[in-house]
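If you scroll down you'll find the structure; I have some questions about it.
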């Protein structure tokens, strides 16, 4: 999923005719000062990071004057921000959205996602807007409504009636209808995995404004969403995950010390489960996928080795399209380029396993090659513990 | 007997002149599958591994009587290929393609359900009836004709399980990957029905994973509709929650969809859930005996 | 036994506070049908003929356990009503409404097929299982519990046939109008399957008319799937061709769809086609004997 | 179905970005002269009537000068035109389309309708354009292609490939794609029952132009197609059929002499079949529908009586929602207003039949009321023959 920044998503909303507060993106405290002057204080400054929960983390502030806006901007910009959704290392704030303050009467949560179970898009909404949806789910589960959308028909009148009743829209049904159907249009036309506005606010003057905006684009649809692809701010992603992505590897950093390289997401998870079952902690999830070449295998190996917390590595490959001998070639390639200073356990099965074994034997590094996955997992846990 | 595909299945390979289509058409044919035709627009008249290539699926069906399709076309053209196959009268579609936009799959799912077409995938290793027909990219040599019906959301995990089932001596009736994407053409219930009816199948193995509700729904179905012994393995018990699922997406699930809820639901339905992936063969063998 | 609806069917009437909904809800209830709820947005709390009214179908289903819906809402709101019923879990829908835009019906048809919902209509007199349940606008008194299953594309022609079947002493198991519009929710084949399986039904009567291919398709199906005696009447032998069908529309049919091609196809499938509408009762009685 | 005139349909095509010849509608010979001057001769003059086959009937002419255009216009305007599709009485031409002549290289037939069997829209096309589709079907059935469209997906690339191959578009695929998908958009967005262009022409300069345009709008969708509803030229319809429509009666004039009034289309057709079986000829099809009141019944009766060729009338009502007593009331009402000088046979069955019989007995006119439909049909045939 490609996430957009709030200010980018708001631009899309605006282009579809949804009201958002007047505001502009600021890259420096000076920018913030100029924008605050143009809009007229008071203004709201909002850290633009690809993670929710920034309100509690001090990422949303009000400035009463342009000078105050500049002051706040200089405090936030360039700093790491840690929220409930960022992980402990946080994300550096490089952009701020400076926008007009709005007189709020009522806050609504509204989003559209694909409901996997029904295999259709679905609206998730709540009258308890303003807080994170996870929190609403915990505190007021009865205040969440889900409306699956029949894609051939779109949002139907009965659903709008139900939503308006549930969300407490009485005199604003026409405007609410416009916003619901337009957000759905955005969801479909921009190939979104998520469209969210939280809060969607009912203002004191009766109008409806999207105070926050979130959009995530389906990565698989970027071939037909070139405009959206351009909006992707890669500085927001983990550099290792990005590097992996570039080589069509799926990598997620975790908190343990055992590096894992597996082919297939299911087998990767099963391998991590097995490590945990034997008392170990995976340092990462790394799926080399079904189309790995020696080059991508070498790259995956390198990414794992770059993580200083890794104490031992388990490579588990079940050869199908990815032939074991090609994997072995990749490992040899990597070992020739990078210094390997942790023990490596390898388990290979499936296509061309024998050939792979031969290749690994000739390697300039001593791997523990094992046939039995259970034994291999036990071994790597033992090695990581330095026992 | 077996499920969905067998020796008599006649297969057209869409995207046969591509690198992968070419490679796997050859291997499927070698396995014994009746690969009767290939399709690539503009390449009619060519041959790939002795298989005639046509411009359209319709022509391929008219000329060869193909009744199943194996699709390798790239994601931007996958929906086109699927709808072309359905239009040509194909009733079993195996879509290997990985990376189809989710809204394309939402639409495809709707059409295949309305038309009564069996759509396996996308992002699947395919389906295989051991020693009869392979429509997919799995390594054929790990399969052996036998009595366990296997369905999986993951490719290599399917191989891992099959390898153990084969080595246990039980072997497989039919094995398939329903596909690793959030929206797939079939769910576990679809295959549970077929395996329950299939006389060759003596036991059923479900390979699930975190996310979605397919395992919970399967458990509910098993309670009152499946009499054969069912086994399961669920991967992702240690995966970080929500890292990929997204937040509103997780809310729809209402706290369900974790490995724990899936395992609990399956056990309550009488399913034997294997905890250690390396003990699959042993566990099934103990409970089912010699196949 | 009977088909689709019976004494246990619990019905919600959508559009119950309208003139027609009101009138027919009363008469269906009087016939003995379990009319358990009505729906009109904004009228929750009211009662119509002792039937509680709800704002939404979901609420009606939750409160009353309704499993079928009878729809009387005007054409512009019909698709909304249908999708609301499906969303609420209703699996049998009878849509009396006449004048639904054809593209709305194309979409509804797609959804009901994908969801496995039985959708009778639109523009139908409804469905009735004699002496058990009436979901529709037909005059109940002409029906009598018996052995003939009847399906029709026309309303009053259904009454005409039923009247004769009742007077012949055979009576009806279940009778229904599949709907008079170009796109309907079910076709004859759907009902042939059910009547063939229903032990109460001893003979099947098809009331067809010019246009479309439903009768030809039914004939094809009957050949290899129906063992019970089938009768048919086709209206429109003297109707001017193309006056309403349009030209490109007629071309798709490839010269088929006339009364002649329908009668020929049905006869070839072993169906007894009655030529004179007033001889229906006599003909069936002679062939089937006392019910 | 509401038919549009060619010039109206072309305006819709144009608004969607489909090329059509430059042209304007002319209501008088003077109009034609002015338009011809503006466009620049040679121009084509085309009679605007709601029926195909006008080419053979002399409804399409070329004028080399503006004066000639005026001359031709004065010959066509105000005259009755009889084509294969109008019936023998023809239709009066009140409007002409005057447009530029186009250099034609190749003529294509292209249309979109709903395929009843598949319950989906379908494209019907042929490379043998220019002649009526019925004729193509007769002469070159192998030159017709049908492509059903999955409404959730729209026209797919494989269909465009197939159409282009079949129709012989090689260097114009992009433009053809634009026209096919745009005509489908029109079909869906305007709730059409038919969109047709015949011929769609490939010009000598390589461009594609819709030389003819036909659109029929779904009557049932007029509530959301107000723009289309306004285009309906009621002067093109049979006045009796219009009058019937106004009262929600379905009326079609035929060539026989036995007036029929029945409730329900199926029973109407069955009744006509029965009349024919007994050697009679129906003068009309008149379905009073399921919602008839005494007023509409009276109106239907009146419409039949207005036809001078009617020698006898058969009324056949199976009472369901339409109660027989209400029908009887309507008949009485009509008989009081209009002079009835032909014999009337009535057969009533179903709801409130007895009450209806009582009402008819008191009528100021002697009807033949019969219980047996077969006997009633025989009787009306006998009466019409004056036997």
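We just call them A, B, C and D in the order they show up, numbering each chain from 1.
Here, a contact is a pair of C-beta atoms (placed from the backbone, for glycine too) under 8 Å apart; a residue touches a chain by one contact, two chains touch by 3 or more.
Note that this is a predicted model, so its numbers are computed, not measured.
Asker: Which chain's mean C-alpha position is the greatest distance from chain B's?
Answerer: In terms of C-alpha centroids, the chain at the greatest distance from chain B is D.
Asker: Comparing A-B against A-C, which pair counts more contacting C-beta pairs?
Answerer: A-B
Asker: Report the inter-centroid distance (CA atoms only) between chain A and chain C in whole Å.
Answerer: That pair's centroid distance is 51 Å.
Asker: At what distance in angstrom does the C-alpha mean of chain D lie from that of chain C?
Answerer: 28
Asker: What whole-number Å value describes the gap between the mean CA coordinates of chain A and chain D?
Answerer: 57
Asker: Can you list the residues of chain A that touch 2 or more other chains?
Answerer: Residue numbers touching two or more other chains: 151-152.
Asker: Indicate the residues of chain C shared as contacts by at least two other chains.
Answerer: In chain C, residues 107, 110 touch at least two other chains, as defined above.
Asker: Are the chains arranged, by touching, as a line, ring, star, complete graph, or other?
Answerer: Graph shape here is complete: every pair of chains touches.
Asker: Inside the complex, what are the residues of chain B that reach chain D?
Answerer: It is residues 41, 55-58, 77, 79-81, 83-84, 87, 107, 110-111 of chain B that touch chain D.
Asker: Would you pull the chain A residues touching chain B in the complex into a rising list?
Answerer: Listed in rising order, the residues of chain A that touch chain B are 1, 52, 111-117, 119-122, 124, 132-134, 137, 141, 144, 146, 151-152, 188, 191, 193-194, 196, 216, 218, 220-221, 223-224, 252, 254, 262-267, 269-277, 282, 285, 290, 318-321, 349-351, 372-374, 377.
Asker: Please name which positions on chain A make contact with chain C in the complex.
Answerer: Residue positions touching the partner: 148, 150, 152-153, 156-158, 161-162, 165.
Asker: If we count contacts the way the header does, which residues on chain B are in touch with chain C in the complex?
Answerer: Its residues touching chain C are 110, 113-115.
Asker: Can you check the complex and tell me which residues of chain A touch chain D?
Answerer: Interface residues on the chain A side: 151-152.
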